[in-house]
Amino acid sequence: MTNSPPTPDYPALLKRIAVASGPAADQGQVADYIPALARVPADRFGMALQTLSGSLHRQGDADEPFSIQSISKIFTLTLAMGLVGEDLWRRVGREPSGNPFNSLVQLEREHGIPRNPFINAGALNVADLLVSRLDRPAAALRELVSELCGESVHIDAEVAASERAASDRNAALAHFMKSFGNLDNDVDDVLDFYVQHCALALSCAQLARATAYLAHDGLCPRTGRRILDPRQARRLNAIMLTCGTYDAAGDFAFEVGLPCKSGVGGGIVAVAPGQLTAAVWSPALGPSGNSVAGQQALERLVAETGLSVF
Amino acid sequence: MTNSPPTPDYPALLKRIAVASGPAADQGQVADYIPALARVPADRFGMALQTLSGSLHRQGDADEPFSIQSISKIFTLTLAMGLVGEDLWRRVGREPSGNPFNSLVQLEREHGIPRNPFINAGALNVADLLVSRLDRPAAALRELVSELCGESVHIDAEVAASERAASDRNAALAHFMKSFGNLDNDVDDVLDFYVQHCALALSCAQLARATAYLAHDGLCPRTGRRILDPRQARRLNAIMLTCGTYDAAGDFAFEVGLPCKSGVGGGIVAVAPGQLTAAVWSPALGPSGNSVAGQQALERLVAETGLSVF
Amino acid sequence: MTNSPPTPDYPALLKRIAVASGPAADQGQVADYIPALARVPADRFGMALQTLSGSLHRQGDADEPFSIQSISKIFTLTLAMGLVGEDLWRRVGREPSGNPFNSLVQLEREHGIPRNPFINAGALNVADLLVSRLDRPAAALRELVSELCGESVHIDAEVAASERAASDRNAALAHFMKSFGNLDNDVDDVLDFYVQHCALALSCAQLARATAYLAHDGLCPRTGRRILDPRQARRLNAIMLTCGTYDAAGDFAFEVGLPCKSGVGGGIVAVAPGQLTAAVWSPALGPSGNSVAGQQALERLVAETGLSVF
Amino acid sequence: MTNSPPTPDYPALLKRIAVASGPAADQGQVADYIPALARVPADRFGMALQTLSGSLHRQGDADEPFSIQSISKIFTLTLAMGLVGEDLWRRVGREPSGNPFNSLVQLEREHGIPRNPFINAGALNVADLLVSRLDRPAAALRELVSELCGESVHIDAEVAASERAASDRNAALAHFMKSFGNLDNDVDDVLDFYVQHCALALSCAQLARATAYLAHDGLCPRTGRRILDPRQARRLNAIMLTCGTYDAAGDFAFEVGLPCKSGVGGGIVAVAPGQLTAAVWSPALGPSGNSVAGQQALERLVAETGLSVF
C-alpha cells in the first residue's frame, strides 16, 4: 500500500489482539511427537513487533523462548543464499508444494528435487549444502541468529536429541534425495545438523528482531550489516509467502497477506516489507500445523493496520 | 515498499523493455491446440501500463486485441465474489495446486473441491456459479469488462467455438466435480459459458485499464465505482500471486514479486497495489504455459522500478 | 492341479456353502447409488455350478435374475477380442491397477490408456470399440449372452436409465480418454451402450452357463460353437484373475485362486479351467465392492474341492 | 488344464527355445547399477526344467551361477510364512502394486503397509521379520536354499557389498516404514540382510530344483520334507502370478500364464503346479526390468506345452 496509514498505537493494538486471539489457544492441538514439545502448556500466547523505526513492542509471553522449529529454515536458507548463490536453485525449487509438507510423492515425481526450501526435503537439502560448506554449521547458525537479535540464543539439546530419535521420515527423505544424487553428505550428518537448527529456542522478541533484515531489504537494522542483497531478501519473502506455512500458504496469503513462516512449536513470524516484523507464539496447532491463535493474531494485526502487501 | 522511488519515465522504460524482451518472443511456442491461436504471429509484443495517477503508457502492439484466455478468470472471480460472498470458498479452495493446471489427480484426492479458482476446475466451478445466478452470464461479463476499460470489448466467436470443440478435458473436470456434487448446472451449459469468457479479446491497453481496480483497493479509478471491497481486492491479488501463473507461480513470485495472471494467448497482467497495473502480450509460451517475453518484460519492469510487493 | 480329486457331491457341497456363507449376507452393504440396486434385499443368496461334464447345480436363489453390472465386461471384452484382435491392446492395457477401480489418477499418468479392460475406463474404451464396429451393440451383446446361456436374457431398462443419470464419473473418464485421442465416438453414445450392458439381468444359473466357454478353452460347451480361440480364452482368464475383482484381485488370487469377475450387483463368477464355472450372488458388498457372502462361498468351494489354479 | 498333454520331449523343446530366444539377449540392457552385475555378458542364456517326475533338463548356461536378486524374495517369504503365520499379512499386503517396484507413493498413501512382499518395501519388511526371529538370517536362508537344491549355494560378497553401498532408495523405504511403526529393527541391520539374500548366486539348474516345492503343494520332491503347507504354497504361487514380475505381472499372466518371479540379474523362475518348475537366465533386461530372452523362452515353453494355469 502506498498510502500507509499513520503509525498505529501498537501497544494498545497488541493488547486487543491478545484479548481476542488468546482464547484460540485451546482450539488446536500442541505438537506431541516429542515429549519436549508435548509438555508445553497450550495456553501460552506471546507476540512481539519490531518496527523499522526501531521500536520493539511486546505482549504476553513475548520473552519466553520456544522451539522455533521450521522457522529456522529462514536462517539456513539465508546462510545458503549467501554461500551458494544461484546454484542453490538447481537443487531446490521454489514452487508451492500443494501437498503435505513432508510428502515423498512429489519428490519422487520430480526426481529428487524438492519443490522449495521450506518443505522438509528442501530444508534437508539446504542443510546438506551448509554441512558441505561450513565446519561447524550449527555453531555458525547460532552465531548468525545471535548477532541478528543481539542476544546469545541457544539450541535446546533435549529437543534436538528427541527429534533425532524420531527422524525416520526425514531420514527417508534424505536417503531418497541421495538416491537421486541430490544430497552430498552422509545422511546421519545432515540429520544431526537439521535437528539442531530446528531446536533453536528463541522468544518472540528475539525472533522479531532476528528477522528484521527481511523487512529492510536484507540489511540488519540493528547492526547495519548486510545479510542479504535486496533482491535476495525480496526473493526470500516471496518464498515465505508462497511456501512458508505448510499447505495453508494460500490461506495465509488470502487472510494475512504477508510473508510468513511457521513452525510446529507454535511460532509464526510475519514480514511487512519496509514496515516491521511480527513474531507470535501460541503452541496449539490447527489441522495445517500452524498455530491457531498465531494465525488469528496476524489476521487481526493486518485487519487493523492494513499491512497486507496486496 | 514504503519509500516508493520517484515516478520513473515510463515511456522510456517501456521502450527499453521492448528492446530487451522483444527478441524473447521466439524462445517459446505459440499455443496451437486451436487454429485461431496457432496462427497468431509469434513476434508480436505489446505492453501497457495504467498508473493510478491516471496515465496510460503504451508500447508496441499495445492496442491489438488478443485472446485473453485464462486472464478472464480474474473477471469471473470478481463477479462471483460479488454475487456469492464467502460461500464461494466452500466450493473452491485458494491453495496453490503444485500440479499442472488441469490435473485431475488433486481433484480426486480432494473430493471434487478444486484447489483454487484459477486452475481449470476452479474456473469451471466459478463459471457454474455464474450460470446459476445470471441470466446471460457471457453478456454480463462482457458488460463488466467493457465498463472497466471504458470501451466495448467483444468475445471472439471463432475462438469460443474452437475451444468448445476441443473441451474434452474440461468436460472431464466438470463431470468429475458434478460426480462429487460440486457442480449444479448441465456440464454443456457451463462449458458454453467457460469458452466464451476465455475467448474475450482485449488489447494490452484495455487490459491494463480493466484491471486497475485491483491496484486501487477494489475501486475502478476510471468511473469511481466500487467493484470489490478492499478486502476482496487484496484477496484476489493474493490468489493471483500464489496461483495466477500455472505451475510457475512460485517462480513469478520469486522473480517478479507482483500478483500476476497469465493466459495461453500470451497475455499477462500484473498488479502493483497502490501504483499501477501492467499488461503485456507476446504469444510465444514457455514450458509452464506463460509468455516468455511477457515474463521477461515484467521482470525488467520490476527490476527497474522496485515495484515488487516484497 | 493335475491329480484332480474325484468329482465331489456338488449338491451337498452347495448346501454346506449356503449354510456357512448365507449369514455373511448381512456383513456388507447393498450398493445404493441407484434405487433399483438399493432396494434388492440383502439376504438373498444364490449359487450355481456348471461343470464341463454337463451338470448344472443350483442352490438358493440361483434362478433369480440380478443386475450383473461389471460382470458384463467379460462379454464385451469377448466381443472386442473377436472383432478387434491384437490392436485392442494398443488402446487398453492388461496390468492390475493398484487403485480404486474408477480412479482418474492412473489414467492421467498413463496418457489416457486405461490399465486393463475391467476398470471402468477400460470397459468404456471397449464399449467405444464396439460402438464403432456394431450397428446395435446392446442387441448384439444380448444375443451373444442369450446364445451362451441358452435362454433369452434381458437388459433392465430401469437400471440402465438410473445408471445413465448417475454417470458423471464415467463421463469424466470417457471425456478424459477422448482428450488423449483414445476414444472415437461421442461420449453420450458410449455411455448409452455402457449402462445397457451393465444392466444385463442374469440368474446365477444363466451366468454359470454363459461363462462356461472360459473353462473350456473358448468353446461353448452347450452349442459347440467357438467363442474365443484357446489362447484368447486363457488370456481372458488371466485378466480376470489379475484384474477381475476391483482392488481385491490379489486377495482373491490368494484366497480363492481362480479367475473371478465381480459386479456391484453382488454377483461373482469364477472359472476353474477344464472343470467348471461357478456363479454366486448375494447383494451385500464388502469395502472392496465385492459380495461378502459370494467371496466366502467361493473360498469354501475351493477349500473343499482343491479347484485353485495354483 | 485337466487333460495334460503327453509329456513333451523336453530336451528337444529346450533346444528350440534356445535357438529362438537366444538372440533376444541383445534386445535389452544388462542391469548396470552395480559393477558386478554390469560386467555380466549380455549374450548368456541358460535354462533348466525340473519335473515332478524327477527329471532335470538343462540347456545352455544352465549350470552357471548368477545373482538371483529379487528371486530370493521367494525364499525369504517362504521362511517368513513358516515363522510368522497369518500375522505376516497385517504388515504386508498381497495386492499388485500398479506402480514401479520401488515406488514410495503407494507406501505413503497406504500408511507404511507395503502392497505385497515382492515390491522392495514388502521384501524389506519380510527381511525385518526374519532379522527379528533368526539369529543369523543370512545363514539360515543359505541353508534352506542349499537344502532345497541339494548343493551348497553361496552369497556373492562383492554383489552384497556393492548393493549395500547403493541402497539409499531401500534405506528410504525402510526408514519410511519405520516412521509408520511398520519396521522393528535398525534400518542398517535390515539392509545388511536384504542385500545378502539378494546376492545369492544360483544356477538355473539349482534354481529349478530349489523351487520345486512350489509345484508340489509345498513338499520338497528331493527330500520329501514339507516346506510349506499346501495352502501356503498355493498362496505363494498366487502372489508370484499377481506380483512376481514388477509392473509386468499382468503381461506375464496374459502371455505366460504361470506364477513367475524375476530378478534384475536376468533370472526368472516359473512354476507349473503339479508339473514342473522352469528357471531361465539371460542378463539383458527389458523396460519392465525382466529378462527379455527369459520372458520369450517362457512364452514359448507354455505355447508348446499348454502349461498355462488358465
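Read from first to last, the chains carry the letters A, B, C and D; within each, the first residue is number 1.
In this text, contacts are C-beta pairs under 8 Å (C-beta built on N, C-alpha and C of every residue); 3 or more make two chains touch, one makes a residue touch a chain.
Owing to the predicted nature of the structure, the values given are computational and were not obtained by experimental measurement.
Relative to chain C, the chain whose mean Cα position lies farthest away is A. Note: centroid distance chain B to chain C, computed from Cα atoms, is 48 Å.
Our note on geometry: chain A versus chain B, Cα centroid distance of 31 Å, whole angstroms.
For chain A, residues touching at least two other chains: there are none. The touch graph of these protein chains is a ring, one cycle where each chain has exactly two neighbours. By the definition given earlier, chain contacts exist for A-B, A-D, B-C, C-D. Contact residues of chain A toward chain D in the complex are 103-105, 107-108, 168-169, 171-176, 178-179, 187. Of all residues in chain C, those touching chain D in their complex are 1-4, 93-99, 106, 115-116, 233-235, 237-239, 241-243, 247-251, 253-255, 257, 259, 273-275, 308-310.
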